[in-house]
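Some structures are shown below for you to check.
Two complexes follow with chain A in common, the first pairing it with chain B and the second with chain C.
The block that comes next holds the complex of A and B.
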């Protein structure tokens, strides 16, 4: 299993290099990063422009710039940002720490909800409950993430007004200044997280619960489940030990594949709730043609996606004893 | 889909005498034999699909609603008394008979705006589905048909596109193309064709081992003929279902892009841009926020239901719900 994991990671390296190369070319072809500087009033001297171009490695050819970036990574150098005071390496860590907090909690909630709702829907197929869940699922599938997030934000504001104090924070990822020690800080962070997490979780939950329902139905109609019931096992035990375990396998794949979509969803959600996370990091970089910031964002996201897919593949072996990696 | 030779799909009556290049499918289920042995009217594949689709009530209802929305946007938008960019003296008005969807703070009629936004959003989504489906299907069919190194090379390229984070790359490219609606469609399609190619390849891989392909080869049909006359038409069911779902996905991606400011930009408008412009006015002028959102949901929802109906119609064995 360890050898398999290592081999998978090794195969991922060329994919990662190829995909960073494509994005590097695409983002370098964007607008000139010096435009903002040139537009300043009074206009900067040619000498300043030249120095800035050198700092951003614009004096090198495109291919050489990519090579410099790639080799720089091994020294922990993420390249220069258009904002000269920013160290991309430090910034990317703090930004993604905020975003991962959101993504992991949202995925956890979405998965638990999806499994519960999917299984209940499948077991009580064509009941009123099933139809309600199905309709909700389709509705969330069709809902744009930003629209739903804004709706939740407004609901949060009305809730705060009704209660008379700020329980659900709707702006930012944490308060600037919190007094009262560690617990107050944790409470503050959680208060900021509630609405964005619900928003992100419900949208992933919709697709996953549909998927879980389908795979649970397939398993429930299979011969071995019928056999287990026929030989006298209790219904609850068959559901938990026989059916659910097998029915979870497809969901693992889908969860891993959907990670990219969740990261995209997080960009939008963070934008609505004005978090200083990886989302605004990326969006600001795109607006300012800040190539190396885009690259840092891509590198972390892509590595994360690759690792997550690997974990999903290894999980099959745990869920289904027939799958073993030699 | 099971092995349906071309003659089943194509409702064309009696075949001309077999030439060297026409596939063997026609020979096996030859019309002459059919006429002699069956007295029941023969139904073409297309008729069967249509009958099964019409039995799916939710899908048919969705189709009616979607058609109504499209007609409203494209015909109603042209006939409506207010123009998109027209400033009326009524500023920030709630919905009334004069302005069914209200007006914004500069007095522009929201109904005209939403209809224009719907036109652009649907236009982009349909273009995306069209481009991505054509490129993806041919890409997947060629890769699946030839196998070997060509397949490996083509699929690695598709995999590469699949690893790119969609929204991020679309935003980078969308920022570059600067708001032209059909260029945004090209950008989104440039990222989605890879999904289609995987589906098409999967279908072609199983089809190419079927007897009617072998028979075609034995009759000396060229590769291009086999791919375009036999493989692609038989993969069409899966491809059409996929293209339908793709329209819904593309609508959501386009609106998200426009919301973030990397898609359609003013003076033109899209449903996502309208929501974005209304995001600070939800409590004061809710009509600006709810109507464009409602249209996005209605379009995506109905397309998803139609996709479900089509899937059941094309593949009656697989009646499972969509993931």
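The block that comes next holds the complex of A and C.
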């Protein structure tokens, strides 16, 4: 399995390099990073523009810029940002830390809910409960994420008004000042996390629960499950050890593949709740033609997506003993 | 049993859905049952008394307190005098931290900073010489006196000669300063100009504030270009621990917030509040909910219909729409062949109905906005004159527009306008910033007016306003300029031949002459007259059609005193030390 993992990682490297090349070329050609500076009122002097162009390596040919960026990575140099005071390496770490805090918790909640709801829906197919879950799932699937997030904020404010104090927050991942010790800090962190986490989790949950339901139904109708029951195995054991385990494989694939979509979805959630994570990092970079920031974002998110896909592949082996890698 | 459970779940789902839907529909977010509607009227007299509205004497204020204000950008560079650091939000944060000679007031005038200066006088017109008397007690937070050395340091970085590689926001005015000398233990500063500079109050004012020379000297030799640049860059990179104003920065959380606390070594009147937090909310549409939830107490976003209505429904919050120095305009690109003909430009601008455009855009949330009739002065500023109306431009008078074209030899063949040579006037593109609905609507209205004259104008967005302007990839553009209480140097940059901000390549020798003379006057009234003469010529030339002053919008909780709108680049924080919480 280790050899397989290493092989997969090595195969990913050229894919990663190819994607960085394409994105670097496209984002470099899209806009001139100096445009915002040129449009300032009062306008900067030609000397200022020249110095800025040199700092952003615009005085080098495009291919050379890419090479400088690629080789710089091995020295821990992510390149110069349009924002001269920014260290892209430090910034990308702190931004993704914020985003992953949001994403992982949301994914965990969404997965647990999806498995439970999917299994219950499949087992109780066409029951009132199944219809309720189906309705709820499609409701969340149909909701635009920004709209749902705004509704949640309004609901949070209504809740605060009802209890007479600010328990749920709508802006940022923490308050600027928290007094009252450790528990106050925990409450503050939770108060900031609840709404965005629910917002992100429920949207993923909706799709995943449908996958889980379909997958579970397929397995429940398969011959080997019927055989297991016919042999006299207990229903719970059949469900847990035979049906659920197999039915988790498609969800594992979908979850891994969805990571990219969740990172994209988090951009909206982060914006609505003003979490200064990777989403706003990317959006600001695109607006400001900050090529090297876009590249840093791509590098980190692509690496995580590759890793997640690898983890999903490895999990197949855990879930299904028939699959052998080495 | 199973049926009961499913009913319970179904009922719970319905209740949850209903709760969400109700919260979406309710304007006051559920409120406290006391009814929505705006209770606050703290800005009620700001139209008639912009500089003193919402005032409260100290004895009616709480001692201390904390206020959080939303700002829309992170602080990327702390040096306001650099081109990168010259950002409105950075200016707001630093307004009460750095000393300056002058600041802009809500009525769009400027006033001397009386805490820093005892006087500022022109003691000679030829050569123009200004004498600043610094307050004897004025000092930096570490006890070092604020002195002529600080003025000299700023001048050296800004004049374009001593530090050519300092990436300054502007050299205007500083490059005309021949010498800055200190006397009286550095408390008198004498500034001599090589040629007159009308806007001399603009130098070392709040938009180009004073940084401490003694700290600069710790980071570079101030007698060499390299040393000056090193110190200049250091001020941009490092969060200020120094202060020469009523507040100092206590804490900066990157991308999150900036906290100000009183500067204990401030020599002037102490601030009322003991903490001011600037919370970074980069999406203006999220500000009303943050205000409603009490996470911020003051917001200052660009107004939009929904946002204004949402805020007006928040209990115990007052809001005010002001008219500031930012003004929208249609610009022609004079490199477009068809638009080189003045008659066509005049006709197109005449066909534009500015009042109708206002009614359909910004007029939806305020009735204060009126057509703007000057390219350099805003209504309320000394010097404002109507130079546009008499040309008929912006009136929407289609018949008059058609007559201009007919007189110039244009003809209409069906729905197509033909130029005097009998060739069809080619289709044009009008561009606006992607996502800006008001500008998109303005462009649609322009295209509609042009269609009446037989000219097809296609509306096309751009996600790169600066790049589009710079490359000239437009025929007509709608965008905004920020006017200034110091308009004379600005006018040269925007309208004279070959200047960086003259994107449409307008050139009129008479305008060049008048504006350059106006910028080098010692008498502001005479300078204003020259600018207005140039303004009239510009109106006649139909290069840029002023549309309206963009509204600004402030909202604050009713218990906040001395907070008021200031639509200049100083913003509402121009008097931050006066802000306070009303005693209950």
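Following the convention adopted for this analysis, the second predicted complex is superposed on the first by the 322 of 326 C-alpha atoms of A that agree within 3 Å, B and C clash if a C-alpha of one lies under 4 Å from a C-alpha of the other, contacts with A are read in each partner's own complex, and residues count from 1 in each chain.
Note that a residue touches a chain if its C-beta (ideal position, glycine included) is under 8 Å from a C-beta of that chain, and two chains touch if they have at least 3 such contacts.
These numbers come from a predicted model, not from an experiment.
Of the two partner chains placed around the shared chain by superposition, chain B and chain C are both touched by A:157.
After overlaying the two complexes on the shared chain, residue contacts for A:29 are found with chain B alone; chain C is out of touch.
In the superposed model, A:211 makes contact with chain B only, not with chain C. In the superposition on chain A, A:128 contacts chain C only, with no contact to chain B. When the shared chain is aligned, chain B and chain C each come close enough to touch A:272.
Contact with both chain B and chain C is seen for A:139 once the two complexes are overlaid on the shared chain.
Judged by the touch definition given at the top, the superposed model places A:111 against neither chain B nor chain C. Shared-chain residue A:264: touches chain B; no touch with chain C.
Of the two partner chains, chain B is the only one touched by A:301; chain C is not.
Residues 31, 139, 150-151, 154, 157-158, 271-272, 287 of chain A contact both chain B in one complex and chain C in the other. Interface residues of chain B, counted against chain A in their complex, comprise 159-160, 163-169, 171-173, 175-176, 248, 252, 255-256, 259-262, 272, 275-276, 279, 282-283, 289, 293, 296-301, 304-305, 320-323.
Taken in their complex, chain C has these residues touching chain A: 2-3, 5-7, 9-10, 13, 17, 19-21, 23-24, 26, 29-32, 68, 74, 76-77, 83-84, 86, 160, 164-165, 167-172, 236-237, 251, 253-257, 259, 277, 279-283, 286, 289-290, 292-296, 463-467, 469-470, 481-482, 489-490, 493-494, 499-501.
Chain A meets chain B in the complex at residues 15, 18-19, 22-23, 26-27, 29-31, 134, 138-139, 141-147, 150-151, 154, 157-158, 207, 210-211, 213-214, 217-218, 254, 260-261, 263-264, 267-268, 271-272, 282-283, 286-287, 294, 297-298, 301-302, 305. Partner chain C is touched in their complex by these residues of chain A: 31-32, 35-45, 47-48, 51-52, 83-86, 94, 124, 127-129, 131-132, 135-136, 139, 150-158, 160-162, 166, 169-172, 174, 176-177, 271-274, 276, 280, 284, 287, 289.
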